[in-house]
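First subunit A sits with subunit B, and in the next complex the same chain sits with subunit C.
Let's look at the complex of A and B:
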């Protein structure tokens, strides 16, 4: 049995659980619990405390597993566990919450320090009030001055087509880049 | 004259809630619509980067209470965002610059320099705002890297995932799976 493992990460409320629920063929294992952080609890009732898990079966021998990481900082230790197990990463960033960009940037740097695996950034909540433009988010995430060449795509975590398109963009990262 | 003007600009950093828009002068011979509103008679012809102004102003004028939540974590480290710079740094800023990229936490720097941690965090943040440094997590465990490289097979459409330093528990992914996944996604969504 061959398993492609993809991690979906991001801050609290970025849409990780929704993203996996939307595309998974199985009911996502519910690890959402009532939020204990008072600040976050004011705008979001539940958050992931363990790994969300979703699956796509391609055939009898090939499967895709998706893992959603907990968003709250105190579960950061789980990243190292996941990082060594997955083949690719999707970092979701809620563009209507600029206060979270610093956290997203921290996640990005953290991953880049540890692994060099296919990765893309998915921008969520692009239709919400106060949403930042893509170029501004790219700047805020430090993608320009870190010389990081990562695809950045808009994604509606509730829309299966949008999530599928995001995964297709991720798969493009495996294609060899033309040599110069 | 320019220095006096800068003093006034520096005082803007004492304002607790404000938004400023910086406009650049074009090198084009024609004056743009926004440039028409510039106070040309007060301008000396000298210029300074906004990042340099912010770094200098934050040294003396800034009320750090408003940025408590933005402070880099005590256990974080610093990485350089640029290889070179032409900023005139103070001794502590120079120290942070020289120790960047070396996986040393701010707490450790504070201990070594015998400077309050808060001061280290403030200096680091002003250098982060100036685009010189960035906050990074300190690696507490042995570095493990996974790299993917171009597949050796000329028939392959995908780069192959080859583990270099990572433990062997991460199996390779075949081109067949990647191709099948693409087909699956295109068919079902």
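Let's look at the complex of A and C:
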């Protein structure tokens, strides 16, 4: 049995916990706590403080383990712990909150400086008011020059089909390393 | 805030008056620092986030493995202890103690401190 470990990362409210809850076949191990930071508490109730964990069986040979990271930068030690254990990751970006794009870019840089693993970008909240167009988000995230083939997909974290599609896109990115 | 300065005073007193205690901090369950008396080499913001993260994981493990309510998380290192305890719904207490500290006494002092802090956190 092969275990494919993936991380789901992104800013607060991007949809990480929802993504994992939507597709996990086990009750998700979450570590959510009530938000006390007033700026965020006005629009969000809970936040992940350690990790989320979910599992999905793909077939008789492969299982996906999904690790959701906390969104806030003060938990970046958890990003390290998780990213050192996974084979690939998804960066979720809420496209209706352009004020968060800088944070998403920061996470991207942080990760790319530490690990070189397959990744994709999932755009969430495309159905919400004020949602940016994909091309504009790509520009804002500074992805135009480097990472030309980096897949950027729309995903609704609340919709099982959409999450499954996103996960498949990530799995397609997989380049199994030859074992030596 | 009157309350914050009182919390600060209590934590300060705890750290200075009990031998072997090297630092203490009170943080919110989502990892923001409320009060901290820590060695200057430690980053207050990261320490707060770490305390909240490990306590939440410990509590989740306690639940998953049916161990009941978690009294404390203890990280025992070569150079001493880090103890994390829940301090009501709104706070997490972190205490750092030297290796020489007697564990039983340490836990007792922490219990006392929590009892003193709780009414102020209301």
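We adopt the following convention: the second predicted complex is superposed on the first by the 163 of 180 C-alpha atoms of A that agree within 3 Å, B and C clash if a C-alpha of one lies under 4 Å from a C-alpha of the other, contacts with A are read in each partner's own complex, and residues count from 1 in each chain.
Following the convention adopted for this analysis, a residue touches a chain if its C-beta (ideal position, glycine included) is under 8 Å from a C-beta of that chain, and two chains touch if they have at least 3 such contacts.
Please read all numbers here as calculations on a predicted model, not as lab measurements.
A.B. asks: When the two structures are superposed on subunit A, do subunit B and subunit C clash or fit side by side?
C.D. replies: Taken together on subunit A, subunit C would fit alongside subunit B, as the superposition shows.
A.B. asks: On the chain A superposition, what angle, as a multiple of 10 degrees, is formed at subunit A by the C-alpha centres of subunit B and subunit C?
C.D. replies: Taking subunit A as the apex, subunit B and subunit C sit 100 degrees apart.
A.B. asks: Mind working out whether A:70 is in touch with subunit B, subunit C, both or neither, as first, second, both or neither?
C.D. replies: The second partner, subunit C, only.
A.B. asks: First (subunit B), second (subunit C), both or neither: which does A:102 touch?
C.D. replies: In the superposed model, A:102 contacts subunit B only, not subunit C.
A.B. asks: Which chain, subunit B or subunit C, is in touch with more residues of subunit A?
C.D. replies: B
A.B. asks: Subunit B and subunit C, closest CA-CA distance after overlay, in Å?
C.D. replies: For subunit B and subunit C in the superposition, the minimum C-alpha gap reads 13 Å.
A.B. asks: Which part of subunit A faces subunit B closely enough to touch in the complex?
C.D. replies: 2-4, 23, 56, 58-59, 62, 64, 80, 83-85, 87, 102, 105-106, 109-110, 113-118, 142, 145-146, 160-161, 163-165, 167-168, 171, 174-176
A.B. asks: Under the touch definition given earlier, write down the residues of subunit B that touch subunit A in their complex.
C.D. replies: Within the complex, subunit B touches subunit A at residues 70, 79, 81-82, 131, 134-137, 139, 141, 143-148, 150-151, 156-159, 161, 166-167, 169-171, 173-174, 176-178, 180-182, 184-186, 188-189.
A.B. asks: Over in the complex, which subunit A residues touch subunit C? Could you list them?
C.D. replies: 29-31, 33-37, 47, 49-51, 70, 72, 74-75, 77-78
A.B. asks: Touching residues of subunit C toward subunit A in the complex: what are they?
C.D. replies: Listed in rising order, the residues are 28-32, 45-46, 48-50, 52-54, 56-57, 60, 64, 90.
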